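Common to both upcoming complexes is subunit A, partnered first by subunit B, then by subunit C.
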Partner chain A sequence: MIESKRRRRVIANIATYFVLATLSMFCIGPMIWMFLTSLKYEADIVTQTMQYIPRRVTFDNYVAIWTQSGFPRLIANSLVVTFLTVTICVATGTLAAYAFSRFAFRGRTQLMLGYLVVRMFPAVMMIIPLYVVMRGVGLVDSRFGLALAYTSFLLPLFVWMLKGFFDSAPKELESAARIDGSTRLGAMVRIVMPLARNGLVASSVFIAIAAWNEFLFALMLTTGQGSRTWPVGLQLMVGEFQLPWGVLAAGGILSILPVIVLFAIVQRTMVQGLTAGAIKG
Partner chain B sequence: MATLSIKDVRKSYGSVQVLHGVDIELEDGGFLVLLGPSGCGKSTLLNMIAGLDDTSGGDILIGGRSVVDLAPKDRNIAMVFQSYALYPTMSVERNIGFGLEMRGVDADRRKRAVDDAARLLQISHLLDRRPANLSGGQRQRVAMGRAIVRDPELFLFDEPLSNLDAKLRVEMRTEIKRLHERLGTSIVYVTHDQIEAMTLATKVAVMKGGHIQQFADPRTIYERPANVFVASFIGSPAMNFLPGRLVSDANGVRFAASGVSVALQAGKQPVDSERPVILGIRPEELKVAGRDEASVTGVIDVVEPTGPETMVTVQVGDQSIIARLPPRFAGRRNEPISLAVDPASVNLFDPGSEQRIDI
Partner chain C sequence: MRALGELSETRYWIYLLLLPSLVMILLVIAYPTLYGMAISFREMRLTRPGLGGWVGFKHYAAMWSDPVFWIALKNTVVWVTAAVVLELALGLLAATALNRDLPGTKVFAVLILLPYFLPNVVAGHMWALLLDPRLGVINDLLVRAGILQTYKAWFADPNTALAATVLVEAWHGFPFFALLLLAGLKSIPEDLYKAAAVDGAGVSAQLRLITLPMLKTVIAAAVILRVIGLVNSPDLLLILTGGGPGDATQVLSLYAFQTAYKEFNFGYASALSVVMFVILMIFAAAYIRLSRITKGEGDD
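Now for the complex of A and B:
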């Protein structure tokens, strides 16, 4: 009886690990494959027999993409657009989330719901009207315009996330601060923001990654080198008659580097932020 | 130090009125306790004094100055919250000094003030810690330190002891009383604990359903409650209520019910004989009767010795009453018992309005 119980548990464990390992391979596999490809010579990439581990290692692909294409420019544009998006979201979203969290005003629920509804429609639906609007105000093919477009669908997400973090900060703390001599805004900045810091970091990283990787809006709203971001630039390198696999892979690796670095730095804070309230602190 | 005047203060949320014209006057250096069950509006009233909630009508004056249009920070008050509301990201020292910091007091004076307050509350050794590393009692002391360091005109306490265990609660109650006597600052204190109200207050406002039921000193509230609600809310075990009627004859006025006959001290005005009334007797006013002085006769139902006294539940007619008798009470279940009561200590209430009747 006990024996069979233990056996069942072992089998269950093996099954669990099998599923987890399969899923992990599915997620990480392409990235490993991309990294290996980026280190291969062009001749070793398209071969009769599959070469899993490169026999010869080269960094030519990295040199090529950095020097022979506009890649540094693409990365710089992406950085600027991401930075602008995060700045706009943090500046306006924090105040909005605080207001939603603390004040009871007419139309509050409807507004919150509206924010959610915006997220329900596919981005494709928004692109055409957004393009028309952007053209009208002369923001097509500008990095600021692209950041605004990103804000349009990332801000609701940011506000919803941050509102949750603000909700979990006790209201009495602000009451205490207001009696102690703070204004409402002062109490928010001095007392609530430090408490919601992890949440703020988590939400900001979330939208930063979303803005960094965005493709569809960038494709529609940018036309020239001046404002094009890396996902679009990389896609445009795929020619009709040639596919520079090695260079593309190197570009891919270079473009996920900032995300990995960012995540490594804020990982602890972000995980704390995302799991906040899950268990009693 | 300052007086506090609350004049016809009302509060409504939409169409729901939670406070109906509250009037309170607190003398300089007084200790006002707002007492009542949950949802009676006591915390709302406190929040309005603090400025955290807007009033819907009426006026609040602190030290003769109307404060209803002032922000909380401009009212010169300090508040201790039920959850203590210590700033979790700051050290104890900064927590206590935060109010001074906000008011632009320079670091040296701030340090001295914080040290003084910490010494007074015996938390000097905790100044470097974070609130998360403090026990409940220590947090309570820090919260009080934060209030007293600013030397405000008025202290507000919102159920400050309800998160502490029973022993600590008694200790901190004494501490608050000592602090009040030492600082002499006026205090408004919200609680649903009648012992806190009785021990601390110079004035008690008993509230229910957004109305003040009685506003008086604790002794009056206890001995001469204004209505059945106040009488039953204050005191543990609660006051005994016996329905019956007044009888007026040659021997004077007495209260009569099945198994009960209590002579009453009547005033000058004529008494409406046969008038139905409710008699209220505190459990400690009942004594085992000697010969010829029995007022209440019944049968012992339950005997509960608690150590310093014995609680005896007695079945009188179809009513059940509790008497607080001496520790060595020897009676047993189902034995008959006669109890005597001091006529001066009983209260009469009207059965319809439940208001106090004085005869």
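Now for the complex of A and C:
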């Protein structure tokens, strides 16, 4: 009886590892292939017999994407847009998330729901009027304009996520500070913010990754070199110059590098915040 | 700073906290949304600046007799349904395996979650390379395994194009389900399973009587968020196929975007996205109601 139970457990463990290994391979296999491709000479990519392990390795593709195509400019634009988006979200969203988490007020539930319903708006439905409005005030083809547009779908997300982190910061310390004569503002800045620091960082990173990756708004709202971000630039390069596969792969690897690094650093807290927000909502 | 501190003691404080984000939201969401709805009742083409008058329901009437609209609607339903079902299945599998917490699970969890954070542009081109008709590694593997006779142009064949894009989307989106379902599984008390085991319930009975009912809320939330996301974002299809070949992978969001981006016909594009939004609202309301009914009353 016990013997068969143990055997069943061993079989279940083996099955679990098999599932996990298969799914992991499915997930990162394509990325590994892209990485290998980026190290190959073009002649070894366009070949009759597939080379699974590159016979010779080159960094030419990386040099090519970096020097021959305005790629650094695209990356710089993306960095600026991402930074502006995160700044706007943190500056305005932190206060709102704190208010939602700590105060009961009239219309609170409705307002929070409103922040959520915004997610249902089709991107296209936002893009067209945003384009018309921004063209009217001269914000088309500007990095600030694009960051403002990103705020339309990232700010509500940021508020929801951060509220979850504020909720899980204990209220007792805050009350103690208040009794010791601290103002509400003082308690917020000196007690609650440090407690929710990890959550603030994780929420910001989530917003940053989303802004860094965004494609559709950028395609519509940027027209020139001055504000074009890397996803749009890379996509246009593929269309215009028939970008060689190796160079395209190198560009892909370079642009997801920051995402992977950031994700690896704050992955645990971010996952916690994502699930908490979604499950309660 | 001092004055602000004093201000924080008044009853206006809460409104001051909410004001900045509210202004932002009104500015970049509420106003554009209403304006967008208004555009759908107007003639607006950037290529012909003279136009701009109100045309009532003209665009909506045009949609009714637009064959591409109906194809796109059908494709949207097929594409979203297939992708969500596949993602839910893969997500459930991943979450169940991760939830056993065997040694090394953390590493697997990071690897499995990674695709969700990758940009559409890179994901799209990566898969285009993998499935390429001349040098795609997946074709090579399938031929070697004897499943395919020759390399196949997955995205160029109207019969396989939609399925191929569903595969890419599933790769990109299933970690989202894994993430939420894992959190759901973790919130089920261990005692329930122990009690069931004592009562003699087997693995399948435990799955049917404990896991699935307890996961119902999470599954409902995940499905609804994912459906909204999929219906609204044409990115991946725009990169992979552009709606082609023919209209084999044309979906509503892509059709609306191309109408705006390529033809600058903002009026018709707005009307298309308003219809999309209304369909989503109806779906969301019906889905929430349905999952409430099956869940029983009282709990939320």
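Keep in mind that, in the parts below, the second predicted complex is superposed on the first by the 253 of 281 C-alpha atoms of A that agree within 3 Å, B and C clash if a C-alpha of one lies under 4 Å from a C-alpha of the other, contacts with A are read in each partner's own complex, and residues count from 1 in each chain.
Everything that follows uses one rule, which is that a contact is a pair of C-beta atoms (placed from the backbone, for glycine too) under 8 Å apart; a residue touches a chain by one contact, two chains touch by 3 or more.
Values in this document were obtained by computation on a predicted structure and should not be read as measured data.
J.: Quick check on the superposition: with subunit A as the shared anchor, is it clash or fit for subunit B versus subunit C?
T.: In the superposition, subunit B and subunit C stay clear of each other.
J.: With both complexes overlaid on chain A, does A:L155 touch subunit B (first), subunit C (second), both or neither?
T.: In the superposition, A:L155 touches subunit C alone.
J.: Between subunit B (first) and subunit C (second), which does A:G226 come into contact with in this model arrangement: first, second, both, or neither?
T.: Neither: A:G226 stays clear of subunit B and subunit C.
J.: With the two structures laid over each other on chain A, which partner does A:P72 touch: subunit B (first), subunit C (second), both, or neither?
T.: A:P72 contacts neither subunit B nor subunit C.
J.: Does the superposition put A:T183 against subunit B (first), subunit C (second), both, or neither?
T.: both
J.: Applying the document's definition of touching, compare subunit B and subunit C: which contacts more of subunit A?
T.: After superposing on chain A, more of subunit A is contacted by C.
J.: With both complexes overlaid on chain A, does A:P194 touch subunit B (first), subunit C (second), both or neither?
T.: Only subunit B; A:P194 stays clear of subunit C.
J.: When the two structures are overlaid on chain A, which partner does A:P170 contact: first (subunit B), second (subunit C), both, or neither?
T.: first
J.: Subunit B and subunit C, closest CA-CA distance after overlay, in Å?
T.: So the smallest C-alpha gap separating subunit B from subunit C comes to 6 Å.
J.: Take the contacts of subunit A with subunit B and those with subunit C, and give the residues found in both.
T.: Subunit A residues touching both partners: 183, 186.
J.: Subunit A touches which residues of subunit C in the complex?
T.: 4-9, 13-14, 16-18, 20-25, 27-29, 31-33, 35-36, 39, 44, 90, 93-94, 97-98, 100, 102, 105, 108, 110-115, 117-122, 125-127, 129-130, 134-135, 137, 140, 171, 175, 179-180, 182-184, 187, 217-218, 221-222, 225, 228, 231-235, 238-239, 253, 256-257, 260-261, 266, 269-270, 272-274, 276-277, 280-281, 284
J.: Can you list the residues on subunit A that touch subunit C in the complex?
T.: So the residues of subunit A in touch with subunit C come to 12-13, 16-17, 19-21, 23-24, 26-28, 30-31, 33-34, 37, 45-47, 50, 52, 88, 91-93, 95-96, 98-99, 103, 105, 111, 115, 118-133, 148-149, 151-152, 155-156, 159, 183-186, 188, 209, 212-213, 215-216, 219-220, 231, 234-235, 238, 245, 248-249, 252, 255-256, 259-260, 263-264, 267, 271, 274-276, 278-279, 281.
J.: Under the definition above, what is the set of subunit B residues touching subunit A in their complex?
T.: Subunit B reaches subunit A through residues 47, 50-52, 71-73, 75, 77-79, 81-83, 85, 87-89, 98-99, 102-103, 146, 150.
J.: Considering the complex alone, what residue numbers of subunit A touch subunit B?
T.: Residues 170, 172-173, 175-183, 186, 191, 194-195.
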